[in-house]
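Lettered A, B, C and D in written order, each chain numbered from 1.
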Amino acid sequence: MQKKVLRTVCYDAKGLIAKITAVCYKHQLNIIQNNEFVDHQTHSFFMRTELEGVFNDDSFLADIDNVLPDGSQQELITVARKKVVVAVTKEAHCIGDLLIKSIYGDLDIDIVAVISNYDSLQPLIEKFNIPFYFISHKGLTHQQHEIMVTQIIDTINPDYFILAKYMRILTPDFVSRYSNKIINIHHSFLPAFIGARPYHQAYQRGVKIIGATAHFVNDNLDEGPIIVQDVIPVDHSYLPEDMMRAGRDVEKIVLSKALFYLLSQRVFVYNNRTVIL
Amino acid sequence: MQKKVLRTVCYDAKGLIAKITAVCYKHQLNIIQNNEFVDHQTHSFFMRTELEGVFNDDSFLADIDNVLPDGSQQELITVARKKVVVAVTKEAHCIGDLLIKSIYGDLDIDIVAVISNYDSLQPLIEKFNIPFYFISHKGLTHQQHEIMVTQIIDTINPDYFILAKYMRILTPDFVSRYSNKIINIHHSFLPAFIGARPYHQAYQRGVKIIGATAHFVNDNLDEGPIIVQDVIPVDHSYLPEDMMRAGRDVEKIVLSKALFYLLSQRVFVYNNRTVIL
Amino acid sequence: MQKKVLRTVCYDAKGLIAKITAVCYKHQLNIIQNNEFVDHQTHSFFMRTELEGVFNDDSFLADIDNVLPDGSQQELITVARKKVVVAVTKEAHCIGDLLIKSIYGDLDIDIVAVISNYDSLQPLIEKFNIPFYFISHKGLTHQQHEIMVTQIIDTINPDYFILAKYMRILTPDFVSRYSNKIINIHHSFLPAFIGARPYHQAYQRGVKIIGATAHFVNDNLDEGPIIVQDVIPVDHSYLPEDMMRAGRDVEKIVLSKALFYLLSQRVFVYNNRTVIL
Amino acid sequence: MQKKVLRTVCYDAKGLIAKITAVCYKHQLNIIQNNEFVDHQTHSFFMRTELEGVFNDDSFLADIDNVLPDGSQQELITVARKKVVVAVTKEAHCIGDLLIKSIYGDLDIDIVAVISNYDSLQPLIEKFNIPFYFISHKGLTHQQHEIMVTQIIDTINPDYFILAKYMRILTPDFVSRYSNKIINIHHSFLPAFIGARPYHQAYQRGVKIIGATAHFVNDNLDEGPIIVQDVIPVDHSYLPEDMMRAGRDVEKIVLSKALFYLLSQRVFVYNNRTVIL
C-alpha cells in the first residue's frame, strides 16, 4: 500500500471528475482526499487526488491520459521528502525556522546546502552539519556571481531553491533556469511596497498593517505567482526597525507555510496565479 | 438550464466520487464546483456538487441512490431565496445587518417576521414593512411564552429560525421541534464563556482576544454544532461595555457569514460538528 | 462635572508632560486617561488628555499655552455628538451600518444629510427621515457637479463629510475646502490597488488577502493619511464579485472604526500620517 | 547618558502624572515614552515611563516616593539582557525559536540552561553550547522531581523560568517559589480547553479557530494572568495532529511576544490580569 498524489490540469469539459475517478476506481485506488477547481473564465480544470493503494504508474497514467482532452497535464507524485538549497544574506529567522522544522518533522525537506553572499550565518548553519557556501558578491559582476551560485545549485540539483531573505535581485537568465522552483519571501504585502526596503516604504506611507508574501520568482521583481500572504497590525509608534522585528515572525511563518503547501503537492500555477487545493 | 446542488452523505466506500459524478455525466449535467470530505475516523463521506443543466429530479436521484451504499442521504436542492424568522431582544446590530443584506442582495433571505420579548426594535423593523411580533415574557412561564412563539413560527413555516441576539434560553422541547433549523449567535468564542454575560466573564478572566460563535441550537445551551467563529483583539483598557461595543461588529459578521454558508447549501452537520464544503 | 479632551501638539521638549499635567492639577481636573506620543525623528509631541472636572476653558487654555513652546497647538474639546454628511453612490452596506450605529448608540453621529449621484438609496435613507440629495452627475462637468455638492455641504456645515462608497473622484479644489474633514473608505489595502476597481486588480494579481482602508482625503487620490486598515483572507476560488461581497463587511467595519477614533478625539494628523492615541 | 524604565503602581489620585513627571523633569531626565493606565473600578494607577539621562537612582526614587500615596510601588529598571532557564519536554519549536531570537538579537535573553524530563532535545541544545539538564521523572514522585528542578533553578537564579511546552504540571509549592517569574505557553485559547490535550478537546468540540496563550503560572492550572493570546483558523479537515502542527507556529510566536513585553518592562500584574503598557 502506497500513497501518491495525482495532479491533473486540463481544459475543462463535462465528465472530467467522473472519468478521472473512474480510472482510480478501476485501478482499485482509494481516494483519501479529492479537491478540484475550475476557472470558468479560462476553462481551466485543476484536480488534486490523494490516492492510496497498489500503483502501476505507467498503466494508470496511460488510462488517465486516455480520458482527458488533448493538451492535458497529469503527474503521479509520491509525497516524499524534498531536497532544497536555501539562499540567505544576513538574517537568521527564516533559515532558523526551516532548520528546526526540517529536523523535527514539520517540513519534509532536507536542506542540503545554504548559499550566502555574507558569512554571517556560517556558524549557525555549520552547527547543523549543512554545507555553507559563502560566495561574496564583492568584486564580481552580477552575472559572475550568479554563475557561481548556479554551479552549486546545478551540482546539487535540488527540488526547490528557497530565497530565505536573500537580499539580491536575480537576473531573468538565472530565474528562467529554475522555473517554478524558486520560492522567495518578500517582506511586504505585495503588490504594496515592491522592491527595496519595504518596511521603510510602509513607515513612510503610514500604513496600519504590514505583511509578508511568499511567491514564485519569475523574471519581474516581486511579481511572480503569490502562494501565501499574511499580515500583522502596526501603529504610529512603530519605526521601520520595529516593523522589521515584528515582521520577521510573519516572514518566516509565511515562507514555511508556502513550502508546506508545495510539498503537499497542493500548489498549481497558471496565469501568474496559484490555485491551492 | 438550471442550477442545483446535490448533497450526498453516506458511509465511505471506494469509488463513490466516480459513481456519483458518472451519474451526473450520464444526465448531461455540468459540474460547476465539487467539494468532498471524508472523515476517515467515522468513515463518513460528504459531497457537495454544484450542477448546471436540465434536471429530471426523480430519475437523477433514483440513479444516485442506486450507486450509493445503504443508508445514504442525498438531496437535490435549488439554491433559492429562503424564508427566515428572526428573534431579537433589544440589540439592533445583527437584525440591522440582516435587513440591509436581505434587501441589497448580500444574503438570499426574506425576513418574513421578527419576534421579540421587548418592543424596542419595533420602530426599526416596521420601517422595512416586516411584521413585528412583540411577545413579552412578563407574567408568563417559560413554556407559555414559547408556545406563543411556536405558534407564530409554525404559521409561517420558515426555512430557518435565527436568534439574532435573542437573550432567552430555549427549552429542549422547543429546540427539538426545529432540528438543525435554529441558528444562534453567541457573543463569545465558544466553548469559552458559555452562558450569560460572556463579555463580563471575559473581562474577569483578563483575556486578550474576544470572539463570537454562530452555531446550531440543540438541547444543551451553547453546545450545538459550530458553523463560524471569529475574534478581535482587546487589551487591559477594555471594560465589559467596550468589549460589547467592539464585539457587536464581530457578532453580526459571524452570524451573516454562517447564514451565507447555509444558504449556499455548504453546511453538513454530524456528531455535533459541521463540515463546510 | 464635565468631561473634555485636551489635545496638544507641539515641538518636543523636556518636561512637557509634567508641565501640561501640572496645569490640569492646578485646575483641579482629574485625568481619566492620558496618552502621548513623541516622534523622535521630527521632534513632534502629541498628547491626548481625557479630563473630568469643572472647566474654565479660557483660563485653562491660557495656562496650557504658557507652558508650551512657541508654535504649539492645543484644543479643549467636549466629546459630543457630531453632525455628518454622507456621500454614497449605489451601495448600501456602509451607509446602512452608519445608520444603525447612529441610531442605536454605537457611533455618536447625526447623519443630517445623504448626497448621491444616483437615486438608488433614496428609499432606504428616507425610511430614516434623513434628507436625501440626489445630484446626478449626468450632463454636468465635474466642477458643476461639485459646486452643487458644495452648496449642500456648506449650508449644513457638518463636522465631517464621509465618503461611504462614493465612487467619484474629488477635485483638489473641493478637497482643500474641507481639510482633514473628509473621510473616505477605499476598498483595498492601500497603497496596493490605488484607483478604480481595486478588487479586479486584486483578482488579476492573485493576492491571498484583500482589505479596506479608511483615510483622510487630500489632493492626491487614495494617498491621504491612513486611519484604519483591515483585511480578510481570500483564495483562488474568489472571483472579483466574491471579493466585493466579502469585502463589503470589511469596508463598513473599517470605516466605522475610523469614525469611532475620530469622534473620540484620538486621531492626530501630521506628515501624511495619523497618530491614534 | 543611560536609559531606564520607571514602573509605578499605586492607588489612583489626582495629579499623579504631574507629580511623577515633575520629579523626572527636576532630575533632568528626558521622557522617551510614557504610558499610563487607571483601572477606575479598583482605583489602581499604573505607569511606565521610559527615561533617558544621568540617573541618581536613590535620590530619584526617594523623590518619586515622596510624591506618591502610601503603599505605592516604584521600580527603576535598567532594560538589560535577562537570564532565563527554559523547561521543555520533547517539542523543539518553542525552544528553537527562543534560541534563534536570543542569538540574533530579537529577544534580549541569555538562555543559561535548559531542563527537560526527556533527553530528546539534548542534541539541539548542546549545539548551542547551553547546559542541558536531563531530569527524568521516571521512578520519582512529583515532589522529588520538582526538588531536583528547583535545585538547578536556584543555583542559577534566573530572571525568568520559561515553560516552553513543558508537559508536566507544577505543584503550588513549586509555583509559589517563583511568583510572577514563571511563564507558560498553553496550546489553547484559554479559558477554552484547560488541561491536557487541548487540541483533542478542540477537535472534539468542532471549533473553527484554535489558539495559544502565554501566561504567568500561579497555583491553579492554566489560570494565571494572561499576557498574550493569538489564534488561527481551522476547518473540518483538521485532525488533532493537523491542529498540533499548525498550532506550533502560533505557540512559539505567542510565547516570544510575551517575553518581549516582559523584557521591555511593559507588563504589570494585578487581580489575576495583566496591564501591558
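The criterion applied here is as follows: a residue touches a chain if its C-beta (ideal position, glycine included) is under 8 Å from a C-beta of that chain, and two chains touch if they have at least 3 such contacts.
Everything quoted here is computed from the prediction, not taken from an experiment.
Asks: Identify which chain pair among C-D, B-C or A-C reproduces the interface of A-D, meaning that over half of its contact pairs, matched by residue number, are the same.
Replies: Selected from C-D, B-C or A-C as the counterpart of A-D: B-C.
Asks: Between A-B and B-D, which chain pair shares more contacting C-beta pairs?
Replies: Result: the pair with more contacts is B-D.
Asks: Counting only Cα atoms for the centres, state how far chain A is from chain B in Å.
Replies: For chain A versus chain B, the centre distance works out to 37 Å.
Asks: Rounded to the nearest whole Å, what is the centre-to-centre distance of chain B and chain D, using the mean of the C-alpha atoms as each centre?
Replies: Centres of chain B and chain D (C-alpha means) sit 40 Å apart.
Asks: Which residues belonging to chain C are in contact with no fewer than two other chains?
Replies: If we look for residues of chain C contacting two or more partner chains, we find 33, 37, 237.
Asks: For the complex, which residues does chain B have touching chain C?
Replies: So the residues of chain B touching chain C come out as 33, 91-93, 96-97, 99-101, 103-104, 106, 124, 127-128, 237, 245, 248-249, 253, 256-257.
Asks: Spell out the residues on chain A that touch chain C in their complex, using ranges where they run on.
Replies: Touch list, chain A to chain C: 37, 39, 41, 189-193, 205-209, 211, 225-231, 235-237, 239, 271-276.
Asks: Of all residues in chain C, which touch chain D in the complex?
Replies: Per the touch definition, chain C meets chain D at residues 14-19, 21-22, 24-25, 28, 30-38, 40, 233.
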